[in-house]
Each structure stands twice: as C-alpha cells, then as structure tokens.
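Here's the structure, in structure tokens; my notes come after.
The chains carry the letters A, B, C and D, assigned in the order they are written, with residues numbered from 1 in each.
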Amino acid sequence: MTQMRLGMIGYGFMGRAHTNAFKRVPDFFPELKYKPVLQAACGRNQEKVDAFAAQWGYASTETDWRKLLERDDIDAVDICAPNDRHKEIALAAAAHGKMVLCEKPLAMNTADGIEMADAVEKVGVANTVWYNYRRVPAVMLAKQIIESGKLGRIYHYRANFLQDWCISEEVPQGGASNWRLAIDEAGSGVTGDLLAHCIDTALWLNGSISQVSGMSETFVKERVHVETGELTPVGIDDACAFLCRFDNGSLGLFESSRYACGHKALYTFEINGANASIRWDLHDLHRLEFFDKADQGALRGWRTIHVSDHGGDHPYMGRWWVPGLQIGYEHSFVHQAADFMASLEKNEPCSPTFREAVETQKVCEAVLNSAANEAWMKV
Amino acid sequence: MTQMRLGMIGYGFMGRAHTNAFKRVPDFFPELKYKPVLQAACGRNQEKVDAFAAQWGYASTETDWRKLLERDDIDAVDICAPNDRHKEIALAAAAHGKMVLCEKPLAMNTADGIEMADAVEKVGVANTVWYNYRRVPAVMLAKQIIESGKLGRIYHYRANFLQDWCISEEVPQGGASNWRLAIDEAGSGVTGDLLAHCIDTALWLNGSISQVSGMSETFVKERVHVETGELTPVGIDDACAFLCRFDNGSLGLFESSRYACGHKALYTFEINGANASIRWDLHDLHRLEFFDKADQGALRGWRTIHVSDHGGDHPYMGRWWVPGLQIGYEHSFVHQAADFMASLEKNEPCSPTFREAVETQKVCEAVLNSAANEAWMKV
Amino acid sequence: MTQMRLGMIGYGFMGRAHTNAFKRVPDFFPELKYKPVLQAACGRNQEKVDAFAAQWGYASTETDWRKLLERDDIDAVDICAPNDRHKEIALAAAAHGKMVLCEKPLAMNTADGIEMADAVEKVGVANTVWYNYRRVPAVMLAKQIIESGKLGRIYHYRANFLQDWCISEEVPQGGASNWRLAIDEAGSGVTGDLLAHCIDTALWLNGSISQVSGMSETFVKERVHVETGELTPVGIDDACAFLCRFDNGSLGLFESSRYACGHKALYTFEINGANASIRWDLHDLHRLEFFDKADQGALRGWRTIHVSDHGGDHPYMGRWWVPGLQIGYEHSFVHQAADFMASLEKNEPCSPTFREAVETQKVCEAVLNSAANEAWMKV
Amino acid sequence: MTQMRLGMIGYGFMGRAHTNAFKRVPDFFPELKYKPVLQAACGRNQEKVDAFAAQWGYASTETDWRKLLERDDIDAVDICAPNDRHKEIALAAAAHGKMVLCEKPLAMNTADGIEMADAVEKVGVANTVWYNYRRVPAVMLAKQIIESGKLGRIYHYRANFLQDWCISEEVPQGGASNWRLAIDEAGSGVTGDLLAHCIDTALWLNGSISQVSGMSETFVKERVHVETGELTPVGIDDACAFLCRFDNGSLGLFESSRYACGHKALYTFEINGANASIRWDLHDLHRLEFFDKADQGALRGWRTIHVSDHGGDHPYMGRWWVPGLQIGYEHSFVHQAADFMASLEKNEPCSPTFREAVETQKVCEAVLNSAANEAWMKV
C-alpha cells in the first residue's frame, strides 16, 4: 500500500465533491495500491478552512497555497480554486514535483493551458482535469458502444447544457458563491463552465472539431458585484451556441444557457451514426438511450437502458449495489479519483490529462472568438 | 362491388365513432368488395336523429328500431344503444336475417349474451362486438409478438383502466349522457364499461381465465337521476379490481376506476414472459414498449416502438401516412369496420364474435359475484 | 349552404392528406356554411388520376392543370404538385380567379414567393399555405399560452426536424416518390422540406428572425436519378442547421436532417421564457410539455399535458371524441381545411397566407445563402 | 460530541449499504452530536469478516454475535443477518442494553415481531427498522404533500415491486447469496422481501389496512440447495399479489414478483385522491410525478418533479449538491442513519420503530394466510 497524501485547494462545491470522492475510493475500489490520505485542506479564510477540514477529516490546514506546495508531506494537489488561479498554482505545483489534479476548465485561455500542460509534462508529474461526466457509467457505456463500431459513419453530434439560475437580475456577480459570473475570475460564462463539458465529451466520443461558428449573448448587462456592492457590467456570456464540423465529416450543434427556465443542469448529447444512435442526459444520468437499426424491423425502437447492472456488463456498476439500483452525480468523481489512483499504479496517464484538456480549451476559445467576430473560425 | 346497407341504432359517442369508421373504409381500404352505405340512422328523438343523419349523410331516419329491422333495404345493423337494449335488438335483428354489429359489452349478463350468440349463430348472420382496442396497431403488434413465441412461458398479466370523471358528486346518473352510471341501463359500472375491454384483450392475448377474486366499491352512494331529478341510490360499481389465474398458469391483476384523479382514459396492460415483456397504454396508443432478454447484455432496455412504419411492418399502418406520423383513437374503429367488410368477402367470422364476447361476459360476471360474496369464484 | 368546388392537383402523399381533410370537415364542423365538393382531381397520368378519383370520390379528372383552371365549375384549387410547379399554377389560378391552397414550401425562392403573393392579393382570392403543424391542438395550445403572456421575456427558441430515410445510398432521386431529393424539382433539401415547418412555427410563435448563420451538408454526393437511371450529382442539402437572432432579442437554434438514425419525423420545438417554458414534439403530437415557475417551489416540474380535453379547454378537441382519446397527424389538415372554410364565411384571411409564407421563404433563403457563403446573413 | 460505537452483524449487501451510510453521516450531517464509530464487524467466517473490516475500516471483528453483544465498547448493533436470526439477536441485544437497528423485514412472523418490539421497549433502547425507501427524498416529498391535505379524500393506492432474477431454474436456493430463496432462512419470498417495502410505505402514507385477499405462486417448484447440492422443494412465494381495503375507505392493489422480465428493482406506487395524485418509482427514484386538479384547466398535466433542489425545498437535498444533480439508492440509508443519530439527540423514536414495523408484519402474514386459504382475511 502506498499513500497519496492530498492537499485540497478550495472548499466550495468542488472541494466537497472531490473530497467525498477520495474518501470513498478505498471502500469501493479496495484493490487499489494507492490510498488517498486527506493531508491538508487549503483556503484563504482560516475559520472556514478549519471548519471544512474538521467536517471532512483533513489532518491539517493552510491558508496560503504556496505554503501547501512547500510541504514535503503532500504528494498531490487538487485545484478547486476559481479559474483565474489554476495556472499559477499548477505551475508552482509542478515545480515542486507534486501531482496535479485540476478542476475544469483547465485555464483562462489556450495559451495558459498549453503552458500548464508543458509544465506538468516537463516535470513528469501525474495530472488530470476533472471532466467528470466521462465517468458516468452511462456515458462510459456510450463510449464503449462507439468504439465497438456499432454506429458506423457518424453524421450528427448535438449537445446542450441548460440551466436557469441566472434569470433573475438580482443574482450578484463575484464572491465565493458567484465567481462564475465575474469575468475576471471565470474567464468566460457558460462557455468555460458548461460548454466545456459538452466539448470535452464530444472530442472524446467523436474526435476533433475543425471549425466553428458561434453566437453568444449577455442577457443581463449589469449585476451587483459582491465585493464592491456596485452595479457592474457583466463580462461573461450568459448563453452561447455554436455550429461546427468534426474531422470525421459529421456536423455538430452545441448550446448552453443559464436562462432556460425549467432546466437545472440538463446536459444532453446525441450522436447519430449510419447504423445506430445514442442519447443521454444528466437529469436521468443512470439511463442511456440507444437505437439500433439492426433490430428486427417491426420491433425497432429507442431502448432506455437502465445502466445499473453489475457483473461486468455496465462500466463501474459492479462496484456498487445490485441491478436496478441507481447511483448519482457524485459517483462520477469517485470513478475519476479511482481511475487516477489506478493510473499511478500502472504508470499511465489518467485521461483527460492537461494536454488533452487543452483541446477543449482551443474549441472554447475559437467559439468565443467566432461569436465576437461573427465569423467562422478554424480551431 | 357489393353494398352493405347499414342501419345505425344510436347517435351518441359510439354512433359517431362507428359512422366515421364506416365512412373512411372505402378511402383507406379501397380493395374491399363490400362498401358500406349509410342507409338509415335510428334514434328515439326525431329531431336529434334527423340532425345526426344530416350531419353524417345517412339517407333516411327511423325512431323505432323495430321498423328499421323490418326494412328490406337494410343489410346490417349496428347497435349503439345503451346496454339494456342490446339483447332485444340483436335477437330481433337476427330474426330478420340482418348482420349485427354490437357495441360492447355484449349483454347485461352471461345468460343474455349466450342467448344472443345462439341467435346469430342459428340464423348464420355475420356478427361482431366492438372491442375496438384489439385493432390499435400497437396492440395488434403485441398480438403478433406473442404469437411468434418470443415471450416464452407467461408469468404475469396486469391491466387497468383508469378515469376520473366521476369524482364530483354533482355528476348525475341516467339520460343520454350518463346512462353509464344508471344500473338499470348499464348493467354494471366500470366492470362492463372498462374492465370488459381489459378482459377482452387479456383473453385474446393470454388465453382463458379460470378463477377470480374481486373487490368493488361505490364511492358516491347517491346521485341525482336525470329522468326524475331525484337523489337516487347508485347501483353501479365505481371501482373494481380483481386477482385471477389464467389457464396457462400465469397470474393476473386487473383494476378499473372512474376516481383516479389525473387519468382520463388510461387503459394499460403489461405481460411478462420468461424471455420478453410487453407494455402498452391508451394515452400513447401509437407506442408499444418491448423488452427482449435476447438483446446483448449491456444494451438491454425497454424499447419504445413508435408504431407508425408502413411497408407491412406495422399492422394497418401501410394504410395511412408515412413513418413517424401517428394515427389516433378513432382508427381502431376504422380497422374493425374494414376487417368486418373483409370477413364478409372471405366468409369468415370477424373476431370477436358474439360467441367470443360471451367469454368476457363470463369473467365480468364472476368478478362481480366474487366481489359481492367476498370469495374466489370459478369462471 | 355554399359549395366550394375543389380541384385537387396532385395525388401523392399530400393529395391524399388534403382530400381526406376536406372529406371530414362536414362531419366534424357541421356548422360551416361552406361545404367542400370534390369536383376534380388532376394529375399527369390518366390511369393513376382516374384510380385516385375513384378511390376518393372525385367527380371528374384532368391530366392538364391548365384545363382544370379553365373550368367554370371549380372554385378552388389545391396545389400538391412538386415545388417547382407551385408558382406557375398559382399565378394561373389567381388569373382565373380561383381560390388557391398551396402545399408548403410556397415557392422555390423568395422572389417567386413574392410574385405569388402579389398575384393572389391583386386578384383578391382566398389563399393559404399548408403549414399544417400550426393546427395540431398541442401547438395551438402553445400559441395560446404564449399569447397569454405567461412566458415573459423570451430567451431561447430551439427546433429541429429529424428523419433517417436517406442514409442508404441506394435511395434514388427524382420521380413521383423521390422528387424531394432532386434539386430541380424541390428547390432545396431539408431546408424547404423540413426546416420550413420549423421556421413557420417559430415566426408564428416567436416573431421575426433578423439574422442567421447556417451550415449545410450533402452526405451522399451522387444518387441514381429515377428518370435517367444515371448516377447524378445530388444538388440538395441533406442536412442543414442554423443559429439565429430573433427581433425580440431571443436566440434561436435550428437543425434538420434526413440522416438521424432512429428518428422518422421528429419535429421538436422548445421555447424558454423568463417565467415558463414549452416543449413539443411530433412523435407524441397529442402532448405538450409545460414548465411554470409560478408553481409552488417544491412541486415545480415539467407537466406533460395530454391535449385531449373537450369542452373548450383544448383547441379543436371539442370536435372529436372524449377526454383521454388522442387524435393524430391527419387531423392537423382537417383543422386547416375547416379554418379555411370558416375564413371564407367570415371573409377573413386564413393564416398562413401566401404573404405570411413569404417570410418563411426569406429565412430559408438566408440560411442557404449563409451556408454557401459561410457568413452571417441578414434576413 | 458523543460516540455511537457500532457493531455490524453481517457483511453482505446490506452490511455494505449500512456501513457506507454510517461513514457518510458526519460528512453530510456535520451538526449531529452523535458520531458513528465502526467498532466491530461480526460474521461467521473469520477470513471474510476480516476482509470486510479491513476494507471498510472496522476496528475489530467477531465471529460470534453473542460475544459482540457482551462487549462494553459497543453501543449499538445493526442486524444484517438473514431473517431467521433477527429475533434471537435482537432479544439478546436488548437484554444487553444495546441500541438495535434491524434490517427489514423485522421478523419471520407477527408473533416474533411483537416479542422483539416488547423487548426493546421494555429495556428502552433506541431501535429502528431499515425500511429505507421512506427516506428517498421524492418519497418523503410525497409524504409532505399528503400531510398538507392536497390530495383530499383518498380513493386508490396501488403499488408493486417487480424483479426478474429468478426466472432461470438454475438459480439455487440458500447460502450467503441466495438465502432469500430458502424458506427456513427467509420466512417468505417476495412477501417479506419486497411487498414488505410496499406495505411499509403504504401504511405510512395512507394509514391502516383492514382486510386483504391474496394470491401467491411458486413458479419454480424445486431448486438446488447451496448447502446440500440437492434439488430441494422451494418453500417461498415467487410472486404474490393482494387486494385490500384501507381504514380510510380507499382500495389497495399490491403485487410483487421476481419473474417480471425487464424489471430489476421496479418499486412503484401511486395514490389517487379527489384533488390530486402522486406516482413514484424506484428506477427513477429522484423524480416524483404529481397531478394537481387545481391547475388551470387547459394546462393540467402530470408534473415530473426532479427532486434535486436544495434550499429547504426538497427533503434532505440541501445536504448534497446543487439543483439538477441527482443522488441515488444508497442515500436513503445515509438519511436513515442520520435520522437515527438525530433521534438519539432529541430522545425521540426513529420511525419506523420495531413497534411500527410489526404493523407491516401483520399485513404480510394476513396476505400469506389469505393466499393459502383463498379467502379474505382481516389484518
């Protein structure tokens, strides 16, 4: 058994989700040689980080991430700070020889992302980006179906990610809870926050995107900034959609918004091949819809696969309960944490690496540029 | 071409539905030798029957069904009068050598049903009972799947028929619109009106029922009678459910109610075999759900078959539009009317005949007896 | 009572659908003063048009539409010929003072459409274009909800129309069955055939579109032409998608394809407002999904409205059966036919008129131009 | 902070589920004064119990539950042994003054259940039975809706629990994995295993059941017994259904089977009141369907509530992630564990107590008796 002593940077929504993931790995993936140890939690507010550490069982706390990185008893850092701090922390972590796990999106822009990927590769530290939805069992099953060749030539890929929490003009920007609305901290709005998930999955399932035509909008032009209390221009994209062409000749259609009344976190994708099609959505993440033209004529129909069978049939599900009993959102993180530990053991990269995440960054950047310029852009 | 000169008795909901059916047969089943002719409409109220005939194109009217039966220019009569008049009309029609189509349930009780079946068979006139749901394309497809043997040994059959229009105590009983609530005219409540449909389909798909244990209830004990304006005891069953055993060893569960808030006409059935299962419901009658254990392990799932393909794949659908475009409730009657005309041409019975409908009557009677006696009853 | 003596030009899928519609109007809309009379069917093949007329009950036939237009006993013509013949026939019909009903899309291009609209307006003949989906009860209910103001400010509109019948390279182009694949006869591929429906509904529900960015693709580059038997380049768009901005500030996303495996005729739309959202799809056309933010917090959820209630609650449904019993695709044509007859009585236009349909034509043209030029285009 | 030192008896499916639950309580319910401590795991097989303890973090092991009960460092025992051992262990645990948590069903029969309830009450130790589905957030929301009075007079309650894992005759009986098929260890088949869940929820939501009419069947008459390797008669009920009457006047219909092809763990219930109805199923446990007659006429429809909102709106969900992100099966145990700890703090019973679980036992027993005697039975 080998300890992986973890330093968690950030104690917000993602800090909780990642911590929970690591804590559950030994219970459900007991064969793994590497075991996570909650060595230190790090956050700027001493009181809050202490409370977080006490609740979750971290052995120590830091309020300065630089100090955390200097500690010898830390093997890996997990970056759950707002987007604008990813680069600096990651570069420093690599410099200290720490493994680095980074919340998505990797960076504020492509250039930063490349710099970060270069850094971890130069030092040779293990790294991964938390595009967690790849490891929802139904999504992994989609990957397996596609790799089996069942779909044939691909014609279409469409995805969207719809939320509705920004409709009210009263929602402020900035601060611990709403830094995602502040351009300086988030880098972009729905593009980096939501479309990035759609793009990561798409690149993984359907290959590279060559060109895009985007459209974005900021519906609420000014919001109160939490730090100043002032009504401040909103710099992020509230909604963004784009058309694209994949290298395999298929057409893509993507959309994201925080103004889609009735949808809380509705990430959906669909892929149409010559012989079969697949659909998935996050609101019923334990199901995969599948249409197979090979089914007997009169009995063809979309199947709704309840992805809960164990026994090796459904990815990851043998780890959990019995057939028919669903798991939830948080398990995607448990799976990625476990896969990360397994990759250490096998001395292999844990996908998506920083380098792979740069590809998503490139598409995001092209989309935002295309929207700004009202023109098609090459990726 | 041979004319089938029709006399329609009754101009209510079913009078309309059957008339519409006959009118559409030549357009969509043009190859049939027999062509319906709307020769006469019959109803007690002269003004109303005249209006009905004018609207739908009947060539003449009668206010006394006895006179209708005496006419030489009538080949077939369609009985859409309330249940308590079925027997008398049918016996007379047979005596006059007319073909007889009868709205369901066939009779007020089993003895009457047998008498009616004996009568039409003795004279040898074509006859059928309008258990129209058999001819919904998705239901016919279910029949074909079952007959193919795909299901294997059958373990379970369950069905219900849920409505909610009787919850209000203000709904009166009796009269043209609400004779279904008056025991003298209807014979029973949900058992003859709704469960009879479930039972007919079940006997057709899954074979005979040997014994039943029923439970019924009248939730609203008194309702104003339309004819007297008086608050009068309610004699019908408002809700009825029963357990049963089929001859093939499978277990059955049936339920019906007019007090199931939110359901308008939700007839559903499901049949579970060793190798496959089937589900259907009337609120989405153009779909059939199908689960096949033979599907590859990880990709097993309930299929929702959109029963709209033409080209011979889906029963009856080649008559209508193009794939993906659904038909509705009324088409089940068009199909039965067309099948009736086709059966004349082939000189074959049109299922369900009066004799077959007696079987449903027997089960209904056993259920009501069982409920009244709180004991299992043999059918 | 006033007769509207109809001349039907074309006896294909739409010829059948429209004829069926007119035949059913008097049965279900008996109060209308105007009554359709199936006076003449017109088609180039004498044998086929005779068979069609015999089946459906047309009193006479013509093989030359010019002769049809010269007849004094024709009040209205219904153009169900391929797209490339719409203009010539419509102009001639107007010149002869006939009412004109035209299958969609109105024209091969905007200029032709304007010429047609000018022609019917100059003569002052009644006219309409068969964008039939407006008159699906659930879609009309959506219109009523939107007009009630329940949605508030609109942020998003998305629609697609997906089919899969062109995946096989063996499907030929041209001829009676596949003229929709031949550029000379169809004018465009999915844009005029399918997106036109989406656009018509969108303009009606959400107002004008100001600019578009389109992308189109022809997946199968050559298909055998039915008339020559030769492998011939395919000129139509197999798939087309576009981003757009509406005048009301909302963002639009549209897509159509005939290569979406598993979808037969899946037309879907969704509209998101600040206070409520609506979704609909053609595969379950009798349902409308509705989300209302005003519902009590914990009990908010998407409602699936079974649009089958009569009594004035659901548009058109009082004409048909009883609550819970669905109608189908063909009824949208019955409703438009009835509304057309009613508009004659009231001396009002029947929406969408030729003039209104020109707006859809403009958007289609802008989309195709945008796709060809890879640039945003103003409508 | 007060420790609750736990002794877990059994390390099968339920041993894992309960252990996971206790481990997660402090992370997600940090305010609780009582903290679980995994003090000892107990099982007959030393090697297996050691492995289990090592994996999950138990501090010690026992192979004899009597020894476990004698230990002073154990405050509470959790009984996850097969049904036939519940009574003996529970009585002994009470005698030692330990708190007792018991997996369902409480006992092999009503008499045993009463004895157990008497025992824990006499000593006054905290006790609960793991009818975990009450604490699925959607089910708890159903409870809140019902208690708010929104449903009005109740007419119908229906529930079923369908699985398909016993269709193959090759499945053996007995042993660690299949003791649920052996009558000596399980006491009954689907009645105690599955219907007991349905009954517990029903009693909780809809009050007492007064009488029942049951029907049961053993489809596979002999199965190999794991311990002897011999083909041995099957004593359990493979399927069981019953009709019933509730004290509030509503009618009930229940069914359970392990031979329902296509269903893995489909527990569903529906309740129809005069003003509203509710539906739920375990295969999509994060959703609740709700129909409210009070909704505006034309816009009435079944709502599908995605029970994932935090902020106090949805029971328990404020503990987890953000709106739109679902939790799974295992969380129902976490909630019950947390509620148990909270009840200690408040010195209140944790529902369902042993005494409450006896009520479910009574109904189970009446159902099995009714089925055996083919007669209605009072509960």
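To be clear about the criterion, a contact is a pair of C-beta atoms (placed from the backbone, for glycine too) under 8 Å apart; a residue touches a chain by one contact, two chains touch by 3 or more.
Note that the structure is a prediction, hence the values are computed from the model and not measured.
If you take chain A and chain D together, the chains in touch with both are B, C. Counted by C-beta pairs in contact, the busier of C-D and B-C is B-C. When every chain is reduced to the mean of its CA atoms, the largest separation from chain A belongs to B.
Each chain gets a centre from the mean of its Cα atoms; for chain C and chain D, those two points are 55 Å apart. Separating the CA-averaged centres of chain B and chain D is a span of 42 Å.
For this pair, chain B with chain C, the centres built from the Cα atoms lie 36 Å apart.
In chain C, the positions touching at least two other chains are 263, 302, 306, 309. On the side of chain B, the complex with chain A involves touching residues 141, 144-145, 288, 290, 292, 295, 297-306, 309, 313-314.
Within the complex, the chain A residues that touch chain C are 155-156, 158, 160, 162, 164, 167, 213-215, 217, 219, 239, 241-243, 245, 249, 251, 253, 255, 257, 259-263, 272-277, 291, 293, 300, 302, 374-376. Note for the complex: chain B touches chain C at residues 13, 17, 20, 23, 26-27, 30, 54-57, 163, 165, 263-266, 282-287, 306, 308-309, 320-331.
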